[in-house]
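Below is one structure. I have some questions about it.
Chain lettering (A, B, C and D) follows the sequence in which the chains are written, and residue indices restart at 1 in each chain.
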Amino acid sequence: MSKTQNTESTKVELENKDTGSSSTHEVVLKFSCSDQPGIVAAVANLFALQGFNIRESSQFEDVHTHKFFMRTVLESCEGPKSIEQVKTSFEPIAQRYGMEWSLYDNQYKPRVVIAVSQWGHCLENLLDGYKRGTLPIDIVAVVSNHAVMQPLCEWYQVPFHHLPVTKDTKSEQEAAILNIFSDNNADFLVLARYMQILSNDLCEALSGKAINIHHSFLPGFKGAKPYHQAYDRGVKLIGATAHYVTSELDEGPIIEQAVERVSHANTPEELVEIGRDIEAVVLNRAVRWHAQHRVLLNETKTVVFSR
Amino acid sequence: MSKTQNTESTKVELENKDTGSSSTHEVVLKFSCSDQPGIVAAVANLFALQGFNIRESSQFEDVHTHKFFMRTVLESCEGPKSIEQVKTSFEPIAQRYGMEWSLYDNQYKPRVVIAVSQWGHCLENLLDGYKRGTLPIDIVAVVSNHAVMQPLCEWYQVPFHHLPVTKDTKSEQEAAILNIFSDNNADFLVLARYMQILSNDLCEALSGKAINIHHSFLPGFKGAKPYHQAYDRGVKLIGATAHYVTSELDEGPIIEQAVERVSHANTPEELVEIGRDIEAVVLNRAVRWHAQHRVLLNETKTVVFSR
Amino acid sequence: MSKTQNTESTKVELENKDTGSSSTHEVVLKFSCSDQPGIVAAVANLFALQGFNIRESSQFEDVHTHKFFMRTVLESCEGPKSIEQVKTSFEPIAQRYGMEWSLYDNQYKPRVVIAVSQWGHCLENLLDGYKRGTLPIDIVAVVSNHAVMQPLCEWYQVPFHHLPVTKDTKSEQEAAILNIFSDNNADFLVLARYMQILSNDLCEALSGKAINIHHSFLPGFKGAKPYHQAYDRGVKLIGATAHYVTSELDEGPIIEQAVERVSHANTPEELVEIGRDIEAVVLNRAVRWHAQHRVLLNETKTVVFSR
Amino acid sequence: MSKTQNTESTKVELENKDTGSSSTHEVVLKFSCSDQPGIVAAVANLFALQGFNIRESSQFEDVHTHKFFMRTVLESCEGPKSIEQVKTSFEPIAQRYGMEWSLYDNQYKPRVVIAVSQWGHCLENLLDGYKRGTLPIDIVAVVSNHAVMQPLCEWYQVPFHHLPVTKDTKSEQEAAILNIFSDNNADFLVLARYMQILSNDLCEALSGKAINIHHSFLPGFKGAKPYHQAYDRGVKLIGATAHYVTSELDEGPIIEQAVERVSHANTPEELVEIGRDIEAVVLNRAVRWHAQHRVLLNETKTVVFSR
């Protein structure tokens, strides 16, 4: 996301490199700014004049902070358009309203690195959607501190990087992850039951670009062994939470959550088993929505323009 | 809703009468038309030029029929506006795009008549929301073929009309309902467990203006005694469905549905009891969304722009 | 519940006084003890020999503590039985297995005192079920630190006690509540959105006999204004939790929980409104199950033999 | 299941062959019969005398038909027991009460054949649970009218049988399925999105031994393309139903159901995608419960003693 106040941001240029093709029939614009009259009209006009039709549009005003959020999908009625030119034409409006904004080629599939440890259900769910073409991402690498998921990745023909980690090698291992991320021009990282806590540095480097699945209904049961915590507390529903990674453990902005009913008769092992399906579904939705640019950050929260 | 093709519709004028005050700070516009480029820009421009800020906006394009639906809430930044003038100013756009459209004062609470038989839980839920001011409707009358809900209505200080019905008096009784509807300048009718089937004529007269709660998860278990049908079929979830009334029984456009888990051990009487809460919640949502002009008809289906 | 080790418990006698009629066609037995072979056979035999048929039976063994829990509903095939005699005949088995046990007349409706503050939705739900006869309780009194619910209680013809409270009068006010509880031979207390924290003494006095509804999905958002906490955290589901009251705030054994989906667009006020229905439904279930002796305490957790 | 009236059933002997080992520490008994006093005591006594402890027990009386259903898990406190001897010892009680009954080695994992067409998500979910050892079944063969799932089965090292079918070869193809079922001593068949309608003969042959997943919330949307039917009807929730196969299409006894929320904006293709997860979870539960002998047939319905 690029902050445009007075100068053209360098971040926009960086993102251009990533998003592949230079022309497209369909773009996604998302932005946030202080609420003020005329924003929608200005945006709609600009694109109407350039021959775009609005396919989807969602907006939200935070009534407490008066911050305005918008996502719109625009289809060219006049053949392919240069994304660079569309961006340039949008720049004046972005400056006028002080927008934090991004514009994407809607045909481009974000490039994703997945981190996993020994449990493969979330990974497999993502690989399956990727392979069938229903999840709009391009899985460019899987990294793991264990070797156990290697055969699965080979089966799906996705590069697998075994990166063992100890206390002493943590910073090197994280550097290796970041290198794989950069070398692959990756757009975001998914922690699909990756059982290592990321360092503050890595959290910062991937701010807004790393999604984690936590196996509890946050804010309940942060940290380790949440199903056992849930068992001990005797809750009647267990859940899973997909959230952006921040340096505060399990405190990042929540993207999606779901729960399932359990009873006193379920052992911790059964909670783990029941939870698997919730985790995979919740993470899948979060990844999908992030990949479709439906998730906007609103400080410690998210705005999710799901369908 | 008014169809504007070549001539100014008389229906718009009729609705002006109903919607009370002639000036307002906030209007709700909803419309549908064939999809074509520039609609949103034209609408946004018109209102920006008149000093309106867009508070909420939702849109949807049916990819199969290419019909476009939009609802937008507009706040005047320049003091109160005459609704009549806003409508007049919108008329040319509506004509240009062949819109079916309506425009409402957002401060106006729709006037509602509720029909009920002997079960009061849905009625009570609506009366309670109305009394507390959280449900944006004005309940102007309750009609019933039984007297049992009279004390409840008196308690809530809502006029109650006891209109018994037999086979022979059905047409007169329905005429009485329609008269109460008209005399009260009502905007819509809610069948809150009204256990009579409306005649085709009444369904026609109130087309798009009558909401029913059916105590099953449609299309399963249409008609009488759906909980007993559900018991006999051995389903593991029961549900409720709020829909617009049409002349085909339980076939009208669905507004909202919900379900609750049951087991083999639940008797039909327990299903009835469990279902009560679902019915009340589902009907409450449907009434709220309709009252806020969030529901648009898409032939036999609805578009629901819920929050 | 009575602990029977070597001597006949006086608590059993106390409970006899409460549970009204001295003979019945149907009894409910619930007990817990260390797991050991032959318990079910011993219990089933005893009642078979006395001409009882087992209508319902549920059991659970905690695999970690090896504690065994059972609830069974027994119907006499030989006309009415003296509860006192049934208890006496069960005493030797209870002693042999070291059971903590209770035996109830299944036709007896527990006597309930409800505490409420200014929000009536949970109270109304309970009063409605009581009035219609579908909730198997006898509401003998409503106590409140506010007067606002008095008309509602009058409407339902239930005695209302206005017991205002200040910091200085808290102990007297709680004494008044306990007196009303005792004078009415009440079996349990329901805190139906009673916005006062009970003193440790009152919690002790009503241990296992006081049910609270907390308006969050515990353990998330304990204490005050949970919906505002939920809004600030940006959760995607909100919930409600019914639990036994203990001296640790919102930490008592959980009886039932449920959640509802919300979005970034919902204001705290809307969360409060959406939450109302969940709270009422969850509390209703907890009260029903407690009244039917379906809830057994397992240290800090519950065993719930729901249908 | 064996019907024991006057003569010892041959079916019991057949089942002995199937269930492998001749001695065990834990057995599962399930039965149904007319309700009458003393059943539980008789059963509990018999097993107590033989040194069994009751680990789990569930019962249900159908209040309309007065049929009684019970499932109990019995653990030997005296070392391994001969299943044959346990059965023989139970036979007199079964005869006395006219029970339809079965008794299983609880350590035995039922042998399962899975039929699939071109969609692998339900198959993969079952294979995954089987491989990890959390789903208590032994998948002995996969049959399919298409070849597409062969690599997946090879990956999981499960025998795959490609059995193409045309109108003319349907009876032979079904005979081949039955042969594979028999040759593998299979206990039940799972139709994991097998898109062929079984002949009446095959339905009869596998009565109570074939579980299907239908991709709608039955009884709504029977037959072909239920998600498209759901789209056309404009429902607000879609679902999946696991049921026993009978000769009446999609009318068999329902084992489990679940739903997920959708909106007007979801295309039929998105409904298909959302539905995948529900289907897999619902079928997994049904297979698990059937494999654990938790499902008892009650004419056209099921009794499910889930945890």
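Here is the rule we use: contacts are C-beta pairs under 8 Å (C-beta built on N, C-alpha and C of every residue); 3 or more make two chains touch, one makes a residue touch a chain.
No experiment lies behind these values; they were computed from the predicted model shown.
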Size of the rotation, in steps of 5 degrees, that lays the CA trace of chain C over chain D: 180
Pair of chains joined by more contacts [C-beta pairs], A-B or B-D: B-D
Centroid spacing, where centroids are CA-atom means, of chain A and chain B in whole angstrom: 37
Whole-Å gap between the CA centroids of chain A and chain D: 39
Centroid spacing, where centroids are CA-atom means, of chain B and chain D in whole angstrom: 44
Chain A residues counted as touching two or more neighbouring chains: 263, 265
Chain-level touch network, classified as line, ring, star, complete or other: complete
Interfacial residue positions of chain A with respect to chain C in the complex: 60, 63, 217-221, 232-237, 239, 253-259, 263-265, 267, 298, 300-304
Chain D residues within the chain A interface of the complex: 121, 124, 128, 134, 155, 263, 265-266, 270, 273, 277, 280-281, 284, 307
Residue ranges of chain C touching chain D (in the complex, touch as defined): 35-45, 47-48, 51-59, 61, 77, 261
